[in-house]
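Everything below concerns the one structure shown next.
Every chain is named by a letter (A, B and C) in the order it is written, and numbering of its residues begins at 1.
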Amino acid sequence: MPSMLAPHLPSGRIRGVTAVAEAGCKRLEARELACVRGDRRLFADISFSLGAGELLHVAGPNGSGKTTLLRMVCGLVRPVRGEVRWGGRPIGRLGEEYLRRVTHVGHANAIKDDLTCRENLLVSTTLSGAPADPGRLRMALERMGLSGVEALPTKLLSQGQKRRLALARLPLADTPLWILDEPFTALDSGAVKAIRSMLEEHLDRGGMVVLTTHQDVPVDARVRKRLEMHP
Amino acid sequence: MRADRFGWSRYAAPTNFYPLAGRLIPWFAAPAIVLTLVGLYLGFFVAPTDFRQGEAYRIIFIHVPAAWMSMWIYVCMAVYAGVGLVFNTRLSSMMAGALAPTGALFTFLALWTGSLWGKPMWGTWWVWDARLTSELVLLFLYVGVMALTASIDDPRRADRASGLLALVGVINVPIIYFSVQWWNTLHQGASLSPSGGSRMATSMLMAMLVMTLAFWMYSFVAVFMRVRCIILERERYVDWARELAGQER
Amino acid sequence: MSGAGAMGAVRCVLRRDLTLAMRQRADLLTTLFFFIIVVSLFPLGIGPEMDTLRTLGPGVLWVAALLASMLSLGRLFASDYADGTLEQMLVSPQPLSLLVVGKVLAHWLSAGAPLVLIAPVLGLQFAMPVEGSKVLVASLLLGTPVLSLIGAIGAALTLGVRGGGVLVALLVLPLYVPVLIFGAGAVEATMSGLGAEGHLSLLAAFLVLALCFSPWATATALRISMD
């Protein structure tokens, strides 16, 4: 079955393929999500459905609740009404089983200033449950163009480099669902290209991506869905 | 569900509880006033004079019921908080929030009357009695819950955070109480109680029970009035609440 | 496999926090010096008679340790909350309670353990006898982890809230009372000739109770705060 989904990948990546392949049977669904922040109703009646190889672009002006929606899909925020489902079951009930299938890169880079790039990546990989061998870490850093600075404490890096480090954990994560909040901010064209090819590879293998961005999403996906949020 | 046969569960919605609470208030206010008068009469006129402490001890009829209520209300608050956290019901969290100030009031009353008692007995305005010290710590717990609710802007997060704090507190209240008991006996501190140990004249016990009941009725009145305000505040963007607020003004 | 993954993640969080504490040594030392300064303030306020100070010694040392421990709670979750690492811990498949245990252990090692080590030296300022010092160390060793565990709940509830440090104090100090009573009580009991086994066993019981409930309560509080 893996060979049917991704015939062109070398056999060394079989493990990655299997993890993503199994996601091919499961869909991410949101039904009538509503959110209240303080006294304000942030959004209501948001529904979407996402399957393997599909990309969901959440668009809308500032303050329309895009970040909150993404956090809801991660399980960080409980919706006032509606629910998010994975494979037909609510994520609240799935708990760890669902989180094992998710990699989230938020607005904040989630890196500690006083740790080096390598140490930061090691921590995030271990937390996600993936094996953290130094070879894979080095490859991920190389791919994101950070091989020269991997032993530097991250407080010495530029904004763009920090963002690249935050995204470096994506290829290591090996999960079917990627939830990205403004991944292209602060990145130069070289980095944008690298992220693009990473996203396209992931989608080809049957993964799913939910992302928000103000720019036009330069990613080539089999199915691209767009969700407009209104404040 | 048997309870549902009478349609009780519909009162779990704030919208429906609001008028019910309003109708119940007079039914608790009347007994509260009557019982207070009876209790005060029993305590200040009927109960015998204590041979050791004279008339001054009579403040016990306010001090002890207030202390009992302060602890009972904390337990109730913790139960509502727990229900609100587990079942995610809005009204339970609102009730917990409405109970806190009344509980704090009784705690303060217990402390104040304790101090008034201590002055004629020991000559000082404060005595590190086991009960007074536990009441002091209980006051801090109440203030903590109220301060946390006041500091968090988002009402949902405020409810859940102070609910969790109330639950953590309720587990600690017995531990704190017994620690302070132990601390007090070891240091052989003062003890506020009428003469002799546990044998109390029946009339004294009656007076205390009546006052406790009176305070309990009062609590219902105060808490129901407060929870109605909270419901109005929280649901203010819902049409019925806006209408009601407009009418009552 | 998930069991090994969880323990590996706890060790990772522990190592990470200890590394960060080592690289930001200033925080560590300020807590320690706060403890030393507060303890030294009491004789200045009370007077230099050794007898009075000997009686007050256990209480003063314990209250100062309590305050120092509480002051350091701000560090526990605040920076992780600010840079997004806390969010990642909530989204990770590892059980949050275990990750919390790792963080609290690292916090105790960097903030509580130094207090335990320096307390006997400060006891000398209060003419504390040797047996008293030994029990002081034992009681602090059992008590300061409980303070960190209970304090973690307060720190988690007040994440990003105004009134930060003082509010945590208000929430957490009443809960510290039993630990204070038995901790200081243990030393006083030893100094007056009675045994301290009862007190120390109660402190140990508090530690076990806190270890069972606090990580779960802290994890719940973190989820509430991140909502």
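We adopt the following convention: a residue touches a chain if its C-beta (ideal position, glycine included) is under 8 Å from a C-beta of that chain, and two chains touch if they have at least 3 such contacts.
In this text, all values refer to a predicted model and were calculated from it rather than measured experimentally.
Taking the mean of each chain's C-alpha atoms as its centre, the chain lying closest to the overall protein C-alpha centroid is C. Each chain's centre was taken as the mean of its CA atoms, and the one lying most distant from subunit A is B.
Interface comparison, B-C versus A-B: the higher count of C-beta contacts falls to B-C.
Separating the centre of subunit A from that of subunit C, both taken as means of CA atoms, is a distance of 37 Å.
A straight line joining the Cα centres of subunit B and subunit C is 32 Å long.
A separation of 50 Å divides the Cα centre of subunit A from that of subunit B.
For subunit B, residues that reach two or more other chains under the stated contact definition are 154, 156. Within subunit C, contacts with two or more other chains are made by residues 227. Multi-chain contact residues of subunit A (touching two or more other chains) are listed as 78. If you check the complex, the residues on subunit A that touch subunit B are 36-39, 41, 78.
Here subunit A touches subunit C in the complex through residues 74-78, 96, 99-100, 102, 104, 106-115, 119, 122-124, 126-129, going by the rule given at the top. Considering their complex, residues 85, 137, 140-141, 143-144, 147-148, 151-152, 154, 156-157, 160-161, 164-165, 167-169, 171-172, 175-176, 179-180, 182-183, 186 of subunit B touch subunit C. Of all residues in subunit C, only 2, 5, 8-9, 12-13, 16, 19-20, 23-24, 79, 82-85, 87-95, 99, 226-227 touch subunit A in the complex they form.
Across the interface of their complex, subunit B is touched by residues 153, 157-158, 161-163, 167, 170-171, 173-175, 177-178, 181-182, 185, 206, 213, 217, 220-221, 224-225, 227 of subunit C.
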